[in-house]
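Both complexes shown next keep chain A, but they swap its partner, so chain B is in the first and chain C is in the second.
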Partner chain A sequence: MLDIKNINKKYKGEAVLQDLSFTLKAHEMLSILGRSGSGKTTLLKVLAGLETADRGQLLLDGQDLSPVPANQRGIVYLYQEALLFPHLDVFENVAFGLRLRHRPEAEIKKKVNALLQRLELPEQARKMPEQLSGGQRQRVAFGRALIIEPRVLLLDEPFGALDTETRRSMQQLLKRVSKDLGLTAIFVTHDLKEAMLMGDRLGMMQGGQLKIYGSRAEFIADESTGAREEARFWTDLHDLKLTK
Partner chain B sequence: MSRFTKIALIGLILFPFAFLLMLSVGRQWPYPAVFPEQWSLGNWQLVLVGSEGLGNSVLLSVLLSLSVATLSTGLSFWVSRHIAYHPKREAWLSLAYFPYVFAPVILAACLQFFFIVAGLYGTFGGVLLAQLFITFPYGVIFFSSFWNERLRSMEELVKTLGGSTLQAYAKVLVPVAKGALMTCFFQLFLISWFEYGLTNLIGVGKVPTLTLRVFQYVNEANIFLAALASCLLILPPVALLWLNRAVVFRERIAP
Partner chain C sequence: MQQRWAAYGGRSLFVLLSAVPIVAGVSYALLYSLGLTGVMAEGFTLAHWQEILGDAAFWRTLGFSLYVAAVSILIALGLSLALVLRSPQAFTKGELSFFIYLPLSIPAIVMAFFIFQLLGKGGWLSRVSHQLGLISALEQFPDWVNDNYGIGIIVAHVIMATPFFTIFFANLYQNERLGEYLHLAATLGANGRQRVFRVAVPVLLRRGLATVFLYFMFVMGSYEIPLLVGSQSVQMVSVRTIQRLQRYNLGDIPEAYAISVAYTVLVVVLLSGLLWYNRKQMGRT
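== the complex of A and B ==
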């Protein structure tokens, strides 16, 4: 379980994260909705160990993460861009984490092939990143993260650069893989529908503060999430269509 | 382009090299003869294995330029990364232009005192260090445009995947930068290879690189030996240029 207590972070005197506290249960995906500049990325970078918090405590399964460097936390941070290593093919990109750990070749082959199968990429194994579509690249990026069985997966608007259709299929794929592998993850997005679709629990970030909702109904009831406005828009549109 | 123009152009490019080669195997060339009266490989024998010791100068130059290019490429790659992500990037980068404010000879004159005190005057190590004063900042400027947010994110990604800083360099940054590293190495090799002012002043004639030998023969009005030394002077850069082109080109067309 990830337990975050009173995290604070300032940049040039401006508070980016303010007394931020929440818990994330094992095998749970928390969706955090927030506009640009709300502090979502900073929160993820602090959790990953890429930024340090000014104050507060980070506990993962009871272990204090503050003194633990990023490469020993077991928390993988995925960017909006797939960031595949351009000199490695799909197989080697996915195998990257295992090679860092000097795992035996037989184990690498077995695990990578199994994961490529799960991510519907077996035909692409020997292709280079520039030969892949946007969706395929993002799937390889997932594979590269999942192969090392991270304790927590942090996803920073991973589908932001994809077209609508690809985005939908990627959301379904991640949802399915997450359920199958029992992932513990934080999914950050500025897309309301995506947040609601992906998260087991929902949160809203505004001005460096995070509010976690007890239920979906509570999230929808809060005017600041924009869920009610969105629902009203579609209802009005539907009514307008019926009356014409 | 017609065949004739192509041949003419190739001829024009190759003429200075062919002329140098001809001079290096010539003896006795009185005016108005079109070609030397005697042809001999004697000059080559004399300078490569004889008392002229040009062979040693070739080895010394290759060793010096390889050392300078390797050290400054590696060091400037590493330092430029730190400068690129530093909040005061511009200030640090402007320091890299400092050695170019002066001419190399002026720079050498400024450094001379410190080199004498450090016991580096007239030594191989001294010349190597002096050349680094020019090649290292050049490398830093060269790589300053290489680093960007995307590479920084890749580096961070390697860390969250469990990699150390060393692994990030070895497995991602260096392979990604391979083309830029090779180009920088090649350019720094050339700067070192043809460097005259600093090498002459700091080396005080005790580090006789091939470039210094060419100037020496020219000053002595020994056109045959000067031509021969010039031939030797252009061979390693041409070999390196061919290697650089072959590798970079192969990389660019790779799938």
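== the complex of A and C ==
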């Protein structure tokens, strides 16, 4: 379980994260909705160990993460872009984490091929990143993260650069893989529908503060999430069609 | 139509300014080396080519040029990569970004003179060593200029190449978003050493290979630095060629031209290798 207590972070005197606290249960996906500049990315970077918090405590399964460097946390941070290593093909990109850990060649082959199969990428194994579509690249990026069985996966608007159709299929794929592998993840997005679709629990980030909702109904009921406004828009549109 | 003519004009001008002088120069050198032109020309002969290809000194010159270029570039690459990876932002903004340009603006002949003053037996380092009691006489200072290992030449080229590669890699670091790759690699479990050797160096060298290679060729063909701080017994290609051209013995001129043609062939072969590698990379992408 991830337990975050009173995290604070300032940049040039400006508070980016303010007394931020929440818990994330194992095998749970928390969706965090928030606008640009709300502090979502900073929160993920602090959790990943890429930034340090000014104050507060980060506990993962009871272990204090503060002194643990990023490469030993087992928390993988995925950017909006796939950022596949340009000098490695698909197979080697996915195998990257295993090679770092000096795993035996046979194990690497077995694991990577199985994951490529699961991600519907077996034919792309020897292709270079530039030969792939946006969706394929993002799937390889998932594979590269999943192969090391991360304790927590942090997804920073991972589908932001994809077209609508690819985005939809990627959402379904991540949902399925996440359930199959029992992932513990934080999914950050500025897209309301995506947040609701991906998260087992929902949160909203505003001005460096995070509010976690007890239920989906509570999230929808809160005007600041924009869910009610969105629902009203579609209802009005539907009614307008019926009256015409 | 007008655009097409403009394109033709541009291409023609490029060929006229770059390709024609080189092709003309190499053709003349080839004809000279084959005895088909020049004051001593007596008709077609392979004698000059047989002379240089059978001369161990020619191969030593070629090997020495390759060695100096390889060692200089390897040291400069190591230093510049270390500098950029240690402080990626420092060389694109701030005071360091200004100072790093300084060595680039110094002409090669001035740099050679500076190295001579610094590393020679009567130079600053020798005198400081003497004052510190490290050596009892200036003659005891090691041969770091005009030496057979090309130390002076290598030091001069390293001083000139390191700032160049530092600026080049600092810009590549930003353009290739290397900082984000390194962060990502860290969260995937890469320690500092793995981040450098499995991510940073391959990404930077992959993008910068052509530039590194062209600088290698530039060092290999350099003239002023090896002329001033190089050895007389083992010479670099340009120095050997020019000295043969300027000798009183007119019979040496065709051999000098043969050396320059042989060197050009080597450059073309190496460039073709680079082109083939780039195409292979393009084919994979």
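As a working rule, the second predicted complex is superposed on the first by the 244 of 244 C-alpha atoms of A that agree within 3 Å, B and C clash if a C-alpha of one lies under 4 Å from a C-alpha of the other, contacts with A are read in each partner's own complex, and residues count from 1 in each chain.
Throughout what follows, a contact is a pair of C-beta atoms (placed from the backbone, for glycine too) under 8 Å apart; a residue touches a chain by one contact, two chains touch by 3 or more.
As the structure is a prediction and not an experimental result, all values here were calculated from the model.
After superposition on chain A, the partners chain B and chain C collide with one another. In the superposition on chain A, contact of A:Ile148 is made with both chain B and chain C. Legend: residue contacts after superposition of the two complexes on their common chain; A:Val177 is shown touching neither chain B nor chain C.
Contacts of A:Ile220 after superposition on the shared chain: neither chain B nor chain C is touched. Applying the stated contact rule after C-alpha superposition, one finds that A:Ala48 touches each of chain B and chain C. Of the two partner chains placed around the shared chain by superposition, neither chain B nor chain C is touched by A:Leu197. Within chain A, the residues touched by chain B in the first complex and by chain C in the second are 48-50, 69-77, 79, 83, 85-87, 96-97, 99-101, 128, 131, 144-145, 148.
Contact residues of chain A toward chain B in the complex are 48-50, 69-77, 79, 81, 83, 85-87, 96-97, 99-101, 128, 131, 144-145, 148. Across the complex, chain A meets chain C through its residues 48-50, 69-79, 83, 85-87, 89, 96-97, 99-101, 128, 130-131, 144-145, 148. Note for the complex: chain C touches chain A at residues 176-177, 180-181, 183-191, 194, 198-199, 202-203, 206, 284-285. The part of chain B that touches chain A in the complex is made up of residues 150, 153-154, 156-164, 167, 171-172, 175-176, 178, 255.
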